[in-house]
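Got a structure here, written out as structure tokens. Questions coming.
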């Protein structure tokens, strides 16, 4: 991604001192992170480290207790609706209405996101994810793999500039995995930014340009894993291995 | 003999569960108490006595109790389906204000309730031989204002209750005390109108309904964001 | 710090006991017996402060809810929950003392008097608040929801009161609670009783808040411990 010297390109993500507290527990402890556009960031960390919470804050689903963040230059707290315009989110749940057809689902989201030339866009995307034949089938009849593919169509419908993925490979078969990887590669080729949480080292490291390790709400590592001299697993072990003393 | 052996373990298990949490029995008791109280406001015009021949009072009360219970059923599903299928998050990820979700749900609920009310009103007129054509404008106004208040409060409470285990029971228990003013005003005004009163005579009650509607709509609109967010 | 807490609490507890004893003396010995209704009237000295304080408790719930939504500080949430519980307790006593007063005076256990009826609805609203908290999973969203409910409930109180009063004026209230002739010693007794119950309220609230803080901290510690235990060393 070439650095422009004319107008400053806003970073994909900039969060400063982000804290999230549930009751007396600090799930995120003053995180600072800056990510340039076009990068692919994978967030590693054990269960409960705060990965999902971080993603939820970035997708404006959760409010931080303190600290602030911007996404593509827009403030998460003030410009929440604008931020949601620019992001596509994939989670465990496909977020599809089961009593509507594939076409109707995309139409709904298309209208909510004010997508231009909606019918054509829907047809194109359905074709890309290979679900053109099922456009008039109710989503509740879809298999898991088909639902995931429609979910990808939903996430890409409004041409977002940043994708947020929460352990998207969970529960996918081989076909689904390769399809997702393909999609992410194509997305990045067009200049999109990706942030993904992952449990799986192989999948997580395959496509990423930056990696970070969250442990007990703290950023234990942030950098380019390809420049590491030791295997990433070793770094991970060091950061996470010993049970945290911070209770 | 064998039958008892099949039945008793299940009964015992249910009693044991309930003994530990006491939720169901408690909620049932609260609900029944609230029903009695609502009935008091709906059917009794004074200190525990119904005037002889005061059929309008009974009729007005019946109509609104029917609306109330049917309305609660409708409110229950406002967010229920979406929550169950985990699609609510999909709505929250759309670039719209949370308050817009509130307004759209209010409108849906209003539409559903209106359909129900029109049908029930027709049935009501037939079953109880009430001539409603003459009083329709005034009655219509009361129903509109009352339903509006009910739905404005009910929608946000439905959003709250949907996260709970016993969501239908919870919704009823938190809703009924809240809509007491609506029930009182709507039943009183309806009673008067059915007895032949003209519009100017019920302005007091109508003003109460309008105030309720306005206040709670604004309150709900302003705080809905918090109900859905973490 | 524990030392400081104990001294403050001891003083408070001492004041509570003192004023309670003083007001009990005042109620039963100092204050004159009302001419028309007799000894039963003395319930009024309990009933009124309890009513005032339960209303005040719910006002505190309202304030604490707003402050919680604004600051997201969990201590306000704890405060709101505790105040609601004490409020429900005091409100129950209001209803009970109301019934005890009504029975010998007017020969009924309950009157649909506007104030008593509003107290009944109030009771249900805050019981609903507590049920809401109990049935929802503890968390930030639940605290948010409870706070919104606390705000809505309190705003509904005056509206409900007006509605009930309008409902009653159609058929005028024959029974009137405030037709009692008040004399100076009665006022003093009343104020003393109010002070005593206010101290009691504060003591109970402080205890409840402290218990809740410990409870929540314990639950979270437990959660963290379980989570750390589950972390596999590989």
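Which chain is which? They are A, B and C, in the order written, and residues in each are numbered from 1.
Basically, a residue touches a chain if its C-beta (ideal position, glycine included) is under 8 Å from a C-beta of that chain, and two chains touch if they have at least 3 such contacts.
Nothing here was measured: the structure is a model prediction, and the numbers come from that model.
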Original post:
What chains touch subunit A and also subunit B?
Top reply: C
Subject >> Chain whose Cα centroid lies nearest the overall Cα centroid >> reply: B
**OP:** Name the chain pair with more contacting C-beta pairs, choosing from A-C and B-C.
**Re:** B-C
Original post:
Based on the averaged CA atom positions, which chain is farthest from subunit B?
Top reply: A
Subject >> Averaged-CA centre spacing for the pair subunit B and subunit A, given as whole angstrom >> reply: 41
**OP:** Round to the nearest whole Å and give the separation of the Cα centres of subunit A and subunit C.
**Re:** 48
**OP:** State, to the nearest whole Å, the distance from the C-alpha centre of subunit B to the C-alpha centre of subunit C.
**Re:** 27
Original post:
Which subunit A residues touch at least two other chains?
Top reply: 63
Subject >> Junction residues of subunit C - those touching two or more other chains >> reply: 139-140
Original post:
subunit B: which residues touch two or more other chains?
Top reply: 229-230
Original post:
Once bound in the complex, which stretches of subunit A touch subunit C?
Top reply: 21-25, 46-48, 63, 65, 240-241, 243-244, 247
Original post:
Of all residues in subunit A, which touch subunit B in the complex?
Top reply: 56, 59, 61-63, 81-82, 84-85, 87, 89, 91, 93, 95-99, 109, 112-113, 154
Original post:
Which bits of subunit B are touching subunit C when the two form their complex?
Top reply: 23, 26-27, 30, 33-34, 37, 40-41, 44-48, 153, 156-157, 160-161, 163-166, 170, 173-174, 176-178, 180-181, 184-185, 188, 204-205, 208, 211-212, 215-216, 219-220, 223, 226-230
Subject >> subunit C to subunit B touching residues, read off their complex >> reply: 69, 111-112, 120-121, 124-125, 127-129, 131-132, 134-137, 139-142, 144-145, 147-149, 151-153, 155-156, 159-160, 162-164, 166-167, 170-171, 174-175
**OP:** Would you mind writing out the residues of subunit B in touch with subunit A in their complex?
**Re:** 81, 85-87, 89-90, 92-97, 229-230
